[in-house]
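You will see two complexes here that share subunit A, one where it goes with subunit B and one where it goes with subunit C.
And then the complex of A and B:
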């Protein structure tokens, strides 16, 4: 509960900082130039550092989680994707994981009834909300490239046209709005549903930390300020693009007439970027590195090398035979030496080490 | 010693809603039936593990070594640099909860700390609190906490309440595998001498005597001879296997549990009959007389120390390759670790079946073949004389072992074999088989007697899936390819699904094998009246439906 409330407070404080900074103190260079650069540097440097740091730790064993029949006898039908035997198949498994959230799609829900009767029902909501959220986020992110590119590439315009197809429907019923971009709404919808899920499902609420609430609220605030600027408060898009182009071309300018709402939006985005590498949001990078997913299940046919494999103390056969020689001979089990090596022709070897 | 187990009606009253109190503020209660006994000093000393002492997890004072906190901190730091899995899994969990209701111990107990995500958080919180700036400064708010004796006790309780079955890892969008976290946590606990005796004992036995049970060479051979006598009595053939024989073509290794107790011994008899039937040139070893590896449940190093015997013995005996029996975690180790740890096995040849000529390319590096791969190939090539009607009184279902399913992918071979030696096979629900299979509840070394109640709880999802096919399809036999399964599923079935027996796949094979020179198969390998036996004469068999059941 504390984590939940503090996360809301934290986001409100962040909004407040931007409002006071820009409206009150007019720190437009700080919020329009310095913070964005600092956030981007932190984001990229942090990402690189984190991925390199993970990569520094080796993968000593080949431990894919296999989710289907392995490659064995040629006449046994194998599951190439969920139990990949080669690098190519791993690529396919990873692509499906990253692009379609395949593992989440498997999700099922426990249905525990008295009896006991245990059943499992299909549970696709988490998958659906996650897909909504991530893809909408991606489209929104790509759409924002129009602020940094001149002329706007055709492909981007095409994406916007698809994203804005609702416009036609709305225009048909006579509702006049700026082009409604579906992605923004889906993003807000997705993030709200994920948030709701975290609040409503008792087990998920129980495991949630501030680090889980905060990004959800932060992204909600980013989405809300974005939508606000698009549909409610009028902002000067031309000067915003001027500022963005300045940042992109490393000739930063702070044009007059940019709404303070924009600075709030931008500041929240900067916080998200700077926070990213140090948070659970790094699952973006981590998902590529997960040894249970990105390795082929071929450790019986191809040798996998552990770089730190070190010699260990074992109990070798000769020690074993020394312990049990008399008993082995007595039981007719073949031995390497009839008598212990250290005790040549010693009849007193009997009962040397009675267990 | 005996801990009383409540009735199924009581045990199955499970509330899966988390309590009001936050998880960092709750402590596990070490009450009988819910925890495992601590490692005896002799079992730690025998293999040189630290802090041997007399202790009990129920004690207030666990007699941790001096500067145990430093030891654990160093232990974590070292493992972060050695295992990318561990390092990554400490960082990237988003606590989406997809894993929460996938764990058999959560389903069977309702204890929120058995949700895989929270089990990992038990360690992750210390990682954050001791290693991460935010966690060090903000503490609980950043999900961090300090290393205290209570944390160690909690780790002991819950990391020995995870069977490393990997079911959660199937559903995790990033493949976070709680088994990896549990393996590391157990390594850390072992640095403080906090193992359980049910693991430490077998480890010590295996190290010195060659097998978990501590059977000495002559006893191992004697036990086998008892079983050979049984085969002679019930099947009418005398088999003469060899032990530690140099120059054999194949070394056969299987868990020692199968030479010791029912119903595993019937699987053991099955191996003996199968190999005799095809005239296989193979040998047993009393030194490498353990397929299983409780070292795997102790530390990576201990796993390697115990596993080393297999290749060493194969080399000493000069065999061409190794054939492995039915076992779950043994095959996880063989498949995903052995060659890396103790290879390369360049002194062995790429396995080829001497009976069919089939080359097992899938085992080209490790040079070890699974018995059901081997048997499936024999059947496919029509090399076995089989009479599946000998199993007609059985309606069989198959329990996929966690390790062979999710750490290997051996799913079709056992089904193919069963379908060829039995006429009545039905699968359980897909939500509880193959990669979705549920643990027996006792894997990863938790199959101790004092832990029965918890094992019955952990095994509930498996038992419930069996219950369904027992009611709907008349299933009366649960087949498996794992020695721990064979030891623990019978009490699980007796408790939740009375009337269902447990057997190994190779026992079913042996029932159906038509051995050369065999007598009338009036009795099965268990010495019970064979209800499917049809006498050659026209006289009706007295096939009274006598109670068929596991001893």
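And then the complex of A and C:
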């Protein structure tokens, strides 16, 4: 509960900082140039640092979570994707995981709906909301490239046309025009449903921390300010693109007439970028580096040697006998070899002789 | 610093950085061009039907309201903030001053990859040579 409230307050404070900074103190260069560059540097440096830090951890053994029959005897039907034995199969498994979220699709829930009997049933909502949210976010992110590229690539215009193919607007209710882009609504819908899921399901609510609530509220606020700017208050996008192109070409400009709404939106996005590498959102990089996903399950066919194994000092029985042979013979203890003369022979040859 | 699977990880990082910094390196060394609006001469008209900042951000709403008023309700008179009356008409009112689609409309629309559907019904005005 404290995490929930703290996160709402944190996002509101961030909005307040931008409002006071731009509206009150007119710090347009700070919020339009310095903060965005600082956030981007933090984002890229943080991403690289995190990934390199992870890659310093050895993964000596194969620990994939498998969901199917391992490759073994030819007459046992194997599951190539869910229990990959080769690099290619791992690639396929990873691609399906990253693009279709298969592990979320397997989500199960346990309930007592049929009397006292425990029942396991599939629980697809998390997967559905996650797919909605992530793909909508991707489209929204790509669409924003129109502010950073001049001329705007044809592909982006095509994406925008597809995204707005319903060609409807909400002008009748005072919202809308320009044409509604579906990705924005799906993004806001997806993030709201993910938020509701955390609020409504008691078990999920119990394990939710500030680090879970904050990104949800932050992204909600980003989506809301974006939608507000496009459909309700309608800002001057030409000068916003001038600002964005200034950032992209390293000739920053702060045009007049850019709405304070834009600075609120931009500041929240900057916070998201800077926060990204150091939070749960880093699963963007982590999904590629999950040892339980990206390793082939080949422990039975390939020997994996622990890289930090050190040479162990051994002293075997033959060496022991060499040390005490005469004393052992003197005391009547049986020995495997009567003399040490044969000692230099290879152990393998000795073994054969004994047979 | 020992990296495990360093080759693959560095490759992945480089791909990530190249994709995410695309706007920066693709426009490297180029100056950002800005739209060059050709506004109507002051002899044609001193001001638009409403304030410039509003028109810059919300002209599409005004045009949409006009379209709805004319086509659906048969209303043709727009009363401006200063009390002046205008005929609600893209062709006869807007285009009588802003007579070049290329030099006025397209400048910003192309800059932002906006594709308004005005010209699906309206004829594109002929460019004056």
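To be clear about the criterion, the second predicted complex is superposed on the first by the 296 of 355 C-alpha atoms of A that agree within 3 Å, B and C clash if a C-alpha of one lies under 4 Å from a C-alpha of the other, contacts with A are read in each partner's own complex, and residues count from 1 in each chain.
Just so it is clear, a contact is a pair of C-beta atoms (placed from the backbone, for glycine too) under 8 Å apart; a residue touches a chain by one contact, two chains touch by 3 or more.
These figures come from a predicted structure and were not determined experimentally.
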First (subunit B), second (subunit C), both or neither: which does A:37 touch?
neither
Just checking: does A:165 make contact with subunit B only, subunit C only, both, or neither of them? Give me first, second, both or neither.
neither
Does the superposition put A:204 against subunit B (first), subunit C (second), both, or neither?
first
Given the touch rule stated above, what does A:235 touch, subunit B (first), subunit C (second), both, or neither?
second
By the touch definition at the top of the document, which applies to A:145: first (subunit B), second (subunit C), both, or neither?
second
Considering only the touch criterion stated at the top, classify A:58 as touching first (subunit B), second (subunit C), both, or neither.
both
After lining up the shared chain so the two structures overlap, which partner does A:77 touch, if you call subunit B first and subunit C second: first, second, both or neither?
first
Using the superposition on A, tell me which residues of subunit A are in contact with subunit B and, in the other complex, with subunit C.
55-59, 289
Partner subunit C, residues of subunit A touching it in the complex:
44, 47-48, 51-52, 55-59, 145-152, 156-157, 160-161, 167, 169, 171, 177-178, 234-238, 241-242, 245-246, 248-251, 257, 259, 285, 288-289, 307
The subunit C residues in contact with subunit A across the complex are 1-6, 9, 12-13, 16-17, 20-24, 26-28, 30-35, 53, 56-58, 60-61, 64-65, 68, 108, 110-115, 117
Which bits of subunit B are touching subunit A when the two form their complex?
12-14, 16-18, 23, 48, 80-88, 91-98, 100-101, 107, 112, 115, 117-118, 121, 134, 141-143, 166, 169-177, 180, 207-210, 214, 216-218, 221-222, 243-246, 286-287, 300-301, 304-305, 308-309, 312-313, 316, 334-337, 339-341, 343-344, 358, 360-366, 368, 373, 376-377, 380, 405-413, 416, 429, 431, 434-435, 460-461, 464-465
List the residues on subunit A that touch subunit B in their complex, please.
2-3, 6, 50, 53-63, 65-73, 75-79, 82-83, 97, 101, 103-104, 106-110, 112, 114-118, 120, 126, 130, 201-212, 278, 280, 282-283, 286-287, 289-293, 297, 299-306, 308-309, 312-317, 320-321, 323-324, 327-328, 330-334, 355
